[in-house]
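A quick write-up on the structure given underneath.
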Amino acid sequence: MGIVLGANQYGKAETRVVRLYRDSPRHEIRDLNVSTALRGDFTAAHVDGDQSAVLPTDTQKNTAFAYAKAHGVSSPEDYALAVAGRLLEAAPAATGARVAVDEHAWDRIEVDGAGHDHAFVRRGQEVRTAVVGRTREAVAVESGFRDLVLLKSTGSEFKGFLRDEYTTLAEADDRILATSLDATWRHRDDPDDWDASYAAVRALVTATFATTYSRALQETLHAMGRAVLEAHDDLVEISFRAPNKHHFLVDLTPFGLDNPGEVFHAADRPYGLIEATVTRDDT
Amino acid sequence: MGIVLGANQYGKAETRVVRLYRDSPRHEIRDLNVSTALRGDFTAAHVDGDQSAVLPTDTQKNTAFAYAKAHGVSSPEDYALAVAGRLLEAAPAATGARVAVDEHAWDRIEVDGAGHDHAFVRRGQEVRTAVVGRTREAVAVESGFRDLVLLKSTGSEFKGFLRDEYTTLAEADDRILATSLDATWRHRDDPDDWDASYAAVRALVTATFATTYSRALQETLHAMGRAVLEAHDDLVEISFRAPNKHHFLVDLTPFGLDNPGEVFHAADRPYGLIEATVTRDDT
Amino acid sequence: MGIVLGANQYGKAETRVVRLYRDSPRHEIRDLNVSTALRGDFTAAHVDGDQSAVLPTDTQKNTAFAYAKAHGVSSPEDYALAVAGRLLEAAPAATGARVAVDEHAWDRIEVDGAGHDHAFVRRGQEVRTAVVGRTREAVAVESGFRDLVLLKSTGSEFKGFLRDEYTTLAEADDRILATSLDATWRHRDDPDDWDASYAAVRALVTATFATTYSRALQETLHAMGRAVLEAHDDLVEISFRAPNKHHFLVDLTPFGLDNPGEVFHAADRPYGLIEATVTRDDT
Amino acid sequence: MGIVLGANQYGKAETRVVRLYRDSPRHEIRDLNVSTALRGDFTAAHVDGDQSAVLPTDTQKNTAFAYAKAHGVSSPEDYALAVAGRLLEAAPAATGARVAVDEHAWDRIEVDGAGHDHAFVRRGQEVRTAVVGRTREAVAVESGFRDLVLLKSTGSEFKGFLRDEYTTLAEADDRILATSLDATWRHRDDPDDWDASYAAVRALVTATFATTYSRALQETLHAMGRAVLEAHDDLVEISFRAPNKHHFLVDLTPFGLDNPGEVFHAADRPYGLIEATVTRDDT
């Protein structure tokens, strides 16, 4: 029974590409963190140290920069599709390319009630994400975001759960529900406008979070996923990863104070971690 | 020549206090990270292990939670003043208390064009800061923020600098200027409304950043400080700490592409670090 | 075509369990970060808000602490196996449990040339990892580490790679090779002594890194994997994730200085990222 | 009352300089993170945008690299002294230079029982620090370390402290004492061998931590400081910053288990923060 090379991939991670559009006095900015990877037949590089089939990660970095100019960045998805296509073209030994793009959003600085032409403040909420997986036959795009921090100050309970001999948790009728949400969704067909599609999904996720009474974070995730799939026929699946950022009600009775849901300790670790996918039934 | 105890202080750092106001259906949230410290005559604790003058850091934590209820959080400054006063009262050996509060801002989640009553999304831009230093005779309040990320896509140069034999930098006529700004300012008199004062200073800093042509980050800091002190008679001083987040123009000529200020590499380290205080001349 | 719940799991992440053994004056310490998760039929919790099958994440945390006492921590693997078994027992709806344990190592503080009985300094090198996946039929254990930072100051080249029109990289005859290595390996049979097995694999990985001339990081990974599988019949597979922490030779010629491999800039981003598995051929 | 420029400084932060010595087959490595800053009369740069007195931060970075070759790195202190001297020489408007150096230690990888000539593993414990403040008249050197994580599993109590109406803490007879220690010390005269001096102070700090019964973290800091000053006549002062990394005994009684100091929860926030200086009495 011999020893052989198994799955492998290589690439350049976290190339920080900032693309400005300055064709008019009103500039636009796309602020990206780009990671590329190739997989395929790279056995010679691993086993014999032969690099002749290896497109250097430095070249992948150059490609990321050059494509920001030559192809442009109309959206992270469109840009990632182009870079992935190029990498497959440049590396004959590759069977697949993966291009992951994080985008940081910027707002215009407000001056006299209007957004400034060329001065920006980083928005600082979620990081938008796009991942393109491309082979020589097929392409898959995953849109999404991470680290969108949401909180409800009421409208959340957790009751009726399974108890065993290690269970000490009290039931909660009215608790804070908070999470730092990650979400990814897959498209049946590419939308005409990736940015508009992103904004619509994000808005529906947050509005559903706000308006759904929560009997568990699981139920909230499912409700958000259902709402998105019902409203967006072009999406086939959405997945969530939601740390339950616990806010513990502080016991103020030793100090002669009541605490009717007013003062909380925001804990770091441990935290609940809930993951769920909502999908279409193919039957 | 004997060996003696020098400067010392102790306290509880990073108590994560979340205060909700739920008196009406439209909830309010104040999300704080509170650090307290006492200084004074604590020699016995250090030299003899005698804790009889030491108010435990655990008690300081309890005080932070209790005061969020008993005193409330109308602003980080007002809350910090109250906690500092209480700690001096509780610890007779203390000559001074320092209470530092970081505040994370939340926006209401938008539902059908309006902000929701009890669902929030973390704003994610700057962290607001307030530091109260209180002795038995005096009190000093420092308001501020940190990590406000700003960028100008034009209107910035760096030329005419000193050159020596280690200088290789080319002059820049039109560069990206970006920073993650920290600022703190001191008040002559306490404002009636700490939140309104904060918002006004912050808005003036960002607008000045936007509208001032920059011949160096130093000049920009000075212009922002001057604008704030000119507009706010009640402030006596403002200080900035501004890492110069370098964005390097990528050389695309090897790829047959020009790059007229469009594609940049956002670098991590090293970075310029510029610090400056603008103050009133007492003469 | 309906909308349905897809893959899902939930649990408690990052419970920080510290277990002391104080049966003799010479104490022992195991410092763990424990994450547990359950998967199975939890549809009712997601769709109907019915928690009756849900063992709370708080209970999972309690179980992690209780098992540190009741079962003990002879190794992260043995402990994780016990916790995973318990969680399956406690949650009838679960079909699988995943328990991931990070361990931070401590050394004894040296006093008069000997390790102290009950005073420790955190070692600070790699984090040891163990992941147990357990169903009602089977169990899988993955041992490993992450963040082991290695560097060779010579004995590394990168030449003869594929070039395209975006390639500007020069060939390197003698470069620094540095990485922050993650590794995981799977066992055919459980070793008698998990700690000894861990130490042996780790030592072989680092020694092979040291003694293998590197024509690419890929080749180094493959050599390390081959060495481990050849020496350890009980292992069936080993996987690596290795960021190439680039050290760029600084051009000192503008300053009249040569630089024969002596002064380097350690870069942050971007970085190469090489991933490879070495496995046994089942044919 | 006019508005004027107050205190200011500027420089280049976090230049990652790696210096290899390869004069013999047994290589040596010094892995540094260098931050430089100048202060002096830089009013024109702030007020008028005139950079003619400003030595660019890019030049400061180049100087850091060039001096790693031209002067060498026999120790972080010696290197920082040289760079600070050079910066004052190059910038006539500067009245002072500050050079702060962090050093990451590396061990040789063990192969067949001996340390390898040119392969290293990052030690990963404390970061060694050196800060040089240099004016045209004087020089001050501060040596030290940060993030040295220490723990005692017994030999620590906390009792007899001040109580007020917010005190709920129980007295502790036998607790875990853990901290992530920062220390800095100042020299009366420069030692002949900075590395040996560093190693001796560090060893004495950790041994004193191990062997001193602790009635409070304050007492432990004082004991460590006293031990260092007693043993090292050439040191005039030592300062500590010590977060009290709380390890809370877990209550296992609900599960029918006792817990005689065996199972702890390592908490993140809040944490006690104790700072103290031990110095010589000049009277």
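A, B, C and D label the chains in the order they appear, each numbered from 1.
FYI, a residue touches a chain if its C-beta (ideal position, glycine included) is under 8 Å from a C-beta of that chain, and two chains touch if they have at least 3 such contacts.
Because the structure is predicted, anything quoted here is derived from the model rather than measured.
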Chains in simultaneous contact with subunit B and subunit D: A, C
Of A-D and A-C, the pair with more C-beta contacts is A-C
In terms of CA centroid distance, which chain is the most far removed from subunit B? C
Geometric centre distance via CA averages, subunit D-subunit C, whole Å: 29
Based only on mean CA positions, could you tell me how far subunit A sits from subunit D in angstrom? 37
Expressed in whole Å, how far the mean CA point of subunit A lies from that of subunit C is 24
List, in ascending order, every residue of subunit A touching at least 2 other chains. 15-16, 62, 66, 166, 168, 254-255, 268-269
As the complex stands, subunit D meets subunit C at residues 15-22, 27, 29, 31, 62, 65-66, 68-70, 106, 109-112, 116, 118-126, 148-155, 176, 203, 206-207, 209-211, 247, 250, 252, 254-255, 257, 259-268
Subunit A-facing residues of subunit D, complex: 165-166, 168, 254-255, 268-269
Subunit B residues within the subunit D interface of the complex: 1-16, 35, 37, 42, 45-59, 61-63, 66, 90-91, 158-164, 166-169, 214-216, 218-219, 221-222, 225-226, 229-230, 237, 239, 243-244, 269-282
